[in-house]
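Presented below are the structures under discussion, each in the form of structure tokens.
Common to both upcoming complexes is chain A, partnered first by chain B, then by chain C.
Presenting the complex of A and B:
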């Protein structure tokens, strides 16, 4: 038995992490002053896609639940925002002059449906952007995670959710705008003043920072340790007294809320929302960002969403077959860097390691001394017995 | 004396196969009960049924007088029943320290997990458990880098950190050297000072080292019960399990 006593250094926000995240934030805060309006809008969009990817990372990377339904949560938040912006078009901008959105008029609706009407008020719309996807996730999650379904079958259910909602939104044309979705929405205003693109960019940057900070804070805590344990072996942890389903439902719901808010910010930028973002293809794209960036790294999925978006944008200019370029890239990553791009970053610079308390041989704290001494005397007592055998 | 754990007329059925039929078992405070029996006798199944890993078809399991039959595994764990599985069931990708931290007794809700601080008291408890199981030098190593025997100890340490009132150990010395086995026996004896223990074991030397009361299972039913000597001289036990040679060798 050794006499080495370990100290356990723990700081709530490690210095290295503070420096790296501070520099990154500064870069993102300065960039918009050096790029054109197209690039600004693209970067805004990619930051939101990054936030969406990070929300999936919490569920897939950390907890091990592969979901193709994150586009759905994103889009549900998006529709909430789209109704708000559509209902707040000035009468002059509205094709038919009244309060009823154009697509509802085309589909023969005469009054605004009661469940859409309250969305014209910002606080309600804001709550809906978060609350609707969260509630939807809570209900589906409760069914999925309280049942005996596990592994790949959960993934199949998420595919089914995505397909079912796509079909449903397309079929309810009078309420959802069908295949076209909700188009020609107003710009986001703040007390009557329209927010300029750069303002929207900073709003989105703030949200992305919030998502990253919250995710980091959650995953470096005991809660994160429990998520990782569920990922590695969920059966074991139940026998340690953890209600695994409760944890899964919580992270699933939280992740959906984060994705939903990203979707809510996406609509004033994109100026429309449609079932395209509900569909499996978009859900798959989110999965690809996480896979390429590196599961369970938070920074990886964000970086991958931004990088792939830029590559896609450049490839689109050169060839119409940009999907081929992205596809080949994905193949290369999956084959040669199976743990994602973050696995290429030196270990010391990864988020998980920057925030991990380092064990240090150090001075013994009073409380520790007494327990170790007690343990050592116990060991000493058993020693003779060992020798006598 | 009142039993801490009481199993009444327990039946477990796996798709028509009766894994346990009418098993009765009482475990009293501070007692070590050793379960032996040939492969397939239902030893692990009995522990599985107690912690709700396998569903109980009929019969009851009482813990401190409360009916815990078929309750959620996490509820049973929170009530104070700790389980070590046959193959070390530990978190290979985590450090030894984190494994113990996970198991540590305390609130297991989401809110407390998010806000939990690694206090001195918690660290002290973790180091204490690591010292007792001889793992202090490996505290910050990933469990995957440890030997099989050490992994067994990690799981024993996890159960210790849980601080349950009853500890269920399924072959804690499997894959250990003779020395490691002996050390494990001493650890178990020291646990028994403050916990009741049910242990499944094959190694008769080890059984003799720790055993107070032995229960012999055979084909899903209790065949015999008593001290080491009583069980070893029981003709039924000799016939189905131990065999004359084993008895002679052990004696």
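Presenting the complex of A and C:
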């Protein structure tokens, strides 16, 4: 898209956006050299939680599907990584010497189950981190979205999914380590060299940047417009001939894959994974980050996850009643700032505005209207319905 | 927060209750099955009791109330507090639990819910925030320590239907479980009477069917909303008071009942109050029987999966007259 003014062509390259995101990336790249090891691992963790929140923002903020199951996708990716790291413990570090993880020995398993064994190879484990949550999301998504089930019931279904999987993982002690989950995993290493915490931090930073960039590109594209239109007025989009269910299934699956990969990176950092992250409480935590940060803003959820995590970290030294503060904050945001904290940021500083080229006086639109603009006019025609579902 | 999530998950009611009375090994499979079915009746009672309040707040008012479990918890704490300070009988504390939670409910409606009518997802978030706040406040007042409530002596013991030659019971249900079932049915009956036979109930139904028209005809819709929500919360309080004797009272206890109560209401359908009787019966018995054939966690997973399938095909619940929209 380019604006043409007599002999002058403005680049469509979003210079302001590039500068601001470049600066923030630089800040995150420099920070680790100035903080202690505890802060480093905390920040790595919060970046991952931020990516998770962004993945939920894709389905909730943009498409309007409120999900409590994103903790589930995160944890499924996490378990894939945990099996990989557990199976790659050197025999000396393994409690019982053999190749079998300790919790399987305790539960009387004698051979490695066939569905876990391949996870010892990195490419397969890597695929599983993304593929297993994505496949699970694809199956559930195809099942749910190809029906007339509406907003609130989908949310209740995600609650049930989370609750059922938690029970399932706890009950399958021999395969999942039960309540304790998979603990004492080996450190992540590449070709024999162990990755130091700072390396892991940069890996996570790179992933978070990737998630942000992908989500940004996706939501600014034609596809993103359709997602937002589904949120605004699903029926109208369906009448225009779009297969709404297919769009929902796609974004649901993609979001699960992003969440799963975040979970996969979480395990080398956290050194364990357990059904705690499957439970409804963690799924709610993700929802809270997005709600407080601001739905449909991408930056908001990421910032909220990092800020709340930092505040929690310092508040927990003073009081045990940190959750009370989160609850009050959530109530205030929902009642008084329904679009989240990002809506308090001045308009000029929002991502969507930063990327727009400055309007020139007497601008003439390029002759060929791009498809993006067509879709934009379509959206503009739909009445500004409340983003309530 | 994450650490506290797990124990509460583990002690999820369906999971725990079925484990308390394991099926007796050996002997007739038939008596064991019967015993399990009877055990299921106990679960049905608890489900019915805990879901009844939600059937009002969600079923009638369409408020996505995720703080329902916390109102149950409040009821349990009121019972605990009265028993601790006034040595009151558990049954005597029930009216206080009802009034106390209903007052809190009215306050919540006035300050939070009222602003969010017609915005279901915002309501959902707000009530979740509320549940965190209520847990936090209770934790501040009573600390996170587990509390115990005594069941009245005259409700201890078992009703035995079949016993083996040595006299140990094969098919039995405790008086207290029986009391829960009776109390749940009684409350359901009272609620149905209030809804379908009194002018207050008529007003509630009028407001839910056509708010504008009801307003035109002089119904004070705001007062009706507040009263109905308070009543639903009061019922949750009663559930909490009755259940407090069965398990320990702690701030996160409400979470255990939330998902189950939702499943019951969604299964039964929200059109008719009687639907939740069917919903709790189906879920409770299915859970008990499947747990008997396989095991408890599997039963819970199967039941939850079936509820998901059910929502997919009949989001309006099993026992609702299909309407064309």
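Convention: the second predicted complex is superposed on the first by the 342 of 389 C-alpha atoms of A that agree within 3 Å, B and C clash if a C-alpha of one lies under 4 Å from a C-alpha of the other, contacts with A are read in each partner's own complex, and residues count from 1 in each chain.
One rule holds for everything that comes next: contacts are C-beta pairs under 8 Å (C-beta built on N, C-alpha and C of every residue); 3 or more make two chains touch, one makes a residue touch a chain.
Keep in mind that what you see is a predicted model, and the values were worked out from it rather than measured.
Engineer: One more residue to check, A:314. First (chain B), second (chain C), both or neither?
Structural biologist: neither
Engineer: Quick one: is A:233 in contact with chain B, with chain C, with both, or with neither? Answer first, second, both or neither.
Structural biologist: It touches chain B, and chain C stays clear.
Engineer: Report for A:285: first if it touches chain B alone, second if chain C alone, otherwise both or neither.
Structural biologist: After superposition on chain A, A:285 lies in contact with chain C alone.
Engineer: On the A-aligned overlay, A:338 touches which partner chain: chain B = first, chain C = second, or both, or neither?
Structural biologist: So A:338 only meets chain C here.
Engineer: According to the stated criteria, A:37 is in contact with first (chain B), second (chain C), both, or neither; which is it?
Structural biologist: After superposing on A, A:37 lies clear of both chain B and chain C.
Engineer: So, A:164: does it touch chain B (first), chain C (second), both, or neither?
Structural biologist: The answer is second: A:164 touches chain C but not chain B.
Engineer: Once the complexes are superposed, what residues of chain A are shared between the chain B interface and the chain C interface?
Structural biologist: On chain A, the residues that contact chain B in one structure and chain C in the other are 386, 389.
Engineer: Spell out the part of chain C that touches chain A in their complex, as residue ranges.
Structural biologist: Residue list for chain C touching chain A: 1-6, 9-10, 12, 15, 64, 112, 115-116, 118-122, 124-126, 128-133, 135-137, 139-140, 255, 259, 262-263, 266, 295-298, 300-301, 304-305, 307-308, 311-313, 315.
Engineer: Contact residues on chain B for chain A in the complex?
Structural biologist: It is residues 51, 53, 72-74, 77-78, 82-83, 85, 89-94, 97-98, 101-103, 108-110, 113-116, 118, 120-121, 123-125, 127-128, 131-132, 134, 136-137, 139-140, 158, 162, 182-183, 186, 190 of chain B that touch chain A.
Engineer: Where on chain A is chain C touching in the complex?
Structural biologist: Within the complex, chain A touches chain C at residues 66, 143-144, 147-153, 155-157, 159-161, 163-164, 166-168, 170-171, 179, 274-277, 279-282, 284-285, 287-288, 291, 321-324, 326-331, 334-335, 338, 386, 388-389.
Engineer: Which residues of chain A touch chain B in the complex?
Structural biologist: Of all residues in chain A, those touching chain B are 1-2, 4-6, 8, 10, 218, 221-223, 225-226, 228-229, 232-233, 236-244, 246-247, 250, 357, 359, 365, 367-368, 370-372, 374-376, 378-379, 382, 385-386, 389.
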